[in-house]
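Paired with chain B in one complex and with chain C in the other, chain A is shared by the two complexes that follow.
Take a look at the complex of A and B:
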């Protein structure tokens, strides 16, 4: 059943093109988009683990050097890819479902962008080819810009344009770094490059190799929204439609882990690589959470919190042990779900009040008790309160940094969790618990059922993974053991 | 009373963060938390330098703590540098790539 591996990319890609081409048939477009969205989480769950060689070009064994070369673009599908692709597929389904039920006449180009983004992150996760990864990284960046520009929020065009301009620095730098690697190794296959590095075929201390690390690393900072790109990343989240922001943050997390895992396989022999990841992760945690504490726009506040949480993922990977990388990847999975829940939940509040300033909100507990309860649990999960999934991954990260001999990082991680809790309590109080301002008009008292459904699904997964984390931890740990 | 006055002045300066619009208790509490969090976390991060050199970590931590505390409030300055201005975003992006390239090119194999 390895034929299903390329279908994980081809299905959303073809769906995007078809929907865009036939978007004037509204009902057909809606039904087709829903069917494809349902298929997206099912395909990775139905597929077997394995490799797929495009064009059927099998690896070639060099009898002289005993080295194996991969001439084809190779897709590698293991438990890690399965769980992340299934999760992003589920999220795409929920977002498309919310979108289809929200509007009577759907926009083909908007659905095109949602499916295109999903196809791009899926390809980035699957590919073993660094140039192939870059191509989809570019496609993803364009899809993200489109999703933000397509929203009806003020200044969304401006924010999308800024993101694109910053991307015009980040992306070429990454491409240049990939070019340096190609020049040194003569291949763009990650397994071949990693083999060349680990077998001593190239000098890892050469300036060209170090420059390639600097340039690809900079591109990764752009893709991940780590400093100095944390401001624009939180900005694009706040200017997208809430369901679009839920998907955008999952794209960010998946592009972050897919690029960093490729970098890890190539550059892990250089100690400076892990130092850089830890440095930028700590910076993201500090800046993200401290900026979130001062926000009055709750969408921006969640955006900065999401950036702060990215720091936890980077921290786990930067510490470089099997346990810490497992913790970082588990944190990535949790962040995708928790932040999506918060974006959708707060989106329901925007839907009801048309207001994003926490100073002008209040008393919403009486109007939206279900949403407030689900948001409360989501916020507690993000802050790392037991027994929710965020607690399990953050506890693992604290244990990992302690066992690596960095108690300062453990303390910092706990402090960031506490500050995240403060941010959430402050916002929750402002929106739900304080008396309702006289001039606040709650327009649509009913929150769309699709939003409640999406939040419910995400909440169930968050609670399940909090109680039974081994469902995913064991598989992720085995994957990490394989790349170390 | 000097320290109290200094803290009170800091709180008064938080008003600039939230203009235009009213400043609520929750906002000021959040800003004070951010201020303390920023100072403590940066000082804590500086202690990580002990893995390079114990004396260096001590000196840097001590100097950083003095500089940060004597420059409160830090959050308005940080927020000003992290606003949605394209110029500032580009500035920090270019500074970062410059430092990264220079640091790795000349010192990447030293760590």
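Take a look at the complex of A and C:
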């Protein structure tokens, strides 16, 4: 059923608009949002792989040059898209579920933003058109800003505005890069641009082509929160509601991989492209984990750890072999789940204590044994402890960098994993294990069941992928073989 | 390259550079946002310039036109379509930014970025 491919974007988009328009009917909005959220992970699983041409404009074969042109915006749906869209759909469902059960009166605009963001990342993953990707990248930025501004945390507006200002510089740069590509090739379809590059119709060493790489790369750094944007990225995670942050980080990861895969198809002939990605990824790994070490606010700590994990994804893609890219994409999938689990779990702690400073917390193991156990497993998965999913992807990354002839990178990756472990254990100790400070009041002892349910689901997937990684690795590897 | 196109490209470069200067070095947040709009409009102008064709006609195929003649004389329409979308996005981004500035201005009573967007990490508290 290829007709389902555009529905993956249309359903959340229409739901967002309808919920926003009819939000005064509280019960109807709640039921409708829940039904749509349940549909989100089901649609990609029910859909067949294939291509969808908007407007029905099929590719045209030029008889003179024997080249194929794509006049329509094309959505391409393969195993990779299926896994990631199902995953972000599941996460959206869990987040919407947590939100709906938390408040009696729900906010239509907030649900609008959650669904809008989901629609935007889905479109970014599916599209084969670089300008279409840019449009949804901008929509995603607006949704992210909205989710941050809608939270009730102090200084969230300021952080949203900072993110918006940086974004308003980053995204025109990306558009300028796309403009350069358009000027050189006359098209914005990625397949056509890649064909023009690989068939030698474009001089890949020309300054215009290199400039387009630099500009799109800058936009990518902003979208994925790699250095120099790592502080603002972890900042917006810490200023969003914890369940919103869980979704925001999945948006970041998916926009990162969708843009980098497009860049990879266009610029992989340039040796500097892979060097750039590896350089910034290593920088993100080191900066992310070392800045996480100094944080006392645990939301910022997870934010920086998430940035460090993004470095692992970039590293896999930057090494440029089939095995390494597969490892990077598998790491992306794991990071989405693990970081979401951590954000939701720590959100439960905020809910119970109204405190985010790890120095003022302690002794919570006695109050929240379930949450603490789940968080412990999540943290171990992030640090790459077997047999959890994080271990499988990090092991693959270490193997990939060894087989590419970079033992120093593999040593670095292992050291960053150990540092991640240290950061997590330090925070875990100060929150759960050390004696409870006398002035700490644990107000709301009951953790919402929806949060426990969401964490349980994510944990099951993490353990399942840790024991049976082949469920996704083979499919991702086939996809990577296709683009190489 | 036609002279008109060159002039348009130079103008767009000037807009982007002025925009960057304003966005980075000016303290007033409204002026910063005006600078950001300059960058966006400069990029839009650049993309419009790509579709320029010296002596070209409007890319609308009329019933009495020969398609081969039309194809060789019409300006390239794709950039215009893209710019239209880009302008809409730019306008919505601008609206959201100004709305945020309004809220923050009410809190601080100033438009200075140094005051409004000072490092917030040291003075956080959760306030649900």
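By our rule, the second predicted complex is superposed on the first by the 484 of 484 C-alpha atoms of A that agree within 3 Å, B and C clash if a C-alpha of one lies under 4 Å from a C-alpha of the other, contacts with A are read in each partner's own complex, and residues count from 1 in each chain.
Basically, a contact is a pair of C-beta atoms (placed from the backbone, for glycine too) under 8 Å apart; a residue touches a chain by one contact, two chains touch by 3 or more.
Bear in mind that the values here come from a model prediction, so they are computed numbers and not experimental data.
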| item | value |
| --- | --- |
| First (chain B), second (chain C), both or neither touched by A:290 | first |
| Which superposed partner A:188 touches (first chain B, second chain C, both, neither) | second |
| Which of chain B and chain C A:65 touches, first, second, both or neither | neither |
| Which of chain B and chain C A:169 touches, first, second, both or neither | both |
| Which of chain B and chain C A:160 touches, first, second, both or neither | second |
| Which of chain B and chain C A:227 touches, first, second, both or neither | first |
| Chain B or chain C, by number of chain A residues touched | B |
| Which of chain B and chain C A:213 touches, first, second, both or neither | first |
| Touched partner set for A:406, first chain B, second chain C, both or neither | first |
| First (chain B), second (chain C), both or neither touched by A:350 | second |
| Residues on chain A lying within both footprints (that of chain B and that of chain C) | 159, 162, 165, 169, 235 |
| Parts of chain B lying in touch with chain A, wherever the complex brings them together | 17-18, 21-22, 24, 26-27, 29-31, 33-34, 37-38, 40-42, 44-45, 47-48, 51, 75, 78-79, 82-84, 86, 88-90, 92-97, 100-101, 103-105, 108-109, 111 |
| Residues on chain C engaged by chain A in the complex (per definition of touch) | 16, 20, 23, 32-33, 36, 39-40, 42-43, 46-47, 50, 76, 78-79, 82, 85-86, 89, 92-93, 96-97, 100-101, 103-104, 107, 116-117, 120-121, 123-128 |
| Complex interface listing, chain A residues touching chain C | 131, 135, 138-139, 141-142, 145-146, 149, 152-155, 157-162, 164-165, 167-169, 171-172, 175-176, 179, 182-183, 186-188, 235, 238, 297, 300, 350, 354-356 |
| Chain B partner contacts - residues on chain A that touch it in the complex | 159, 162, 165-166, 169-170, 173, 204-205, 207, 210-211, 213-215, 217-218, 221-222, 227-232, 235, 270-272, 275-276, 282, 285-287, 289-291, 293-294, 296, 357-359, 406, 408-409, 411-412, 415-416, 419, 422-423, 426, 429-430, 434 |
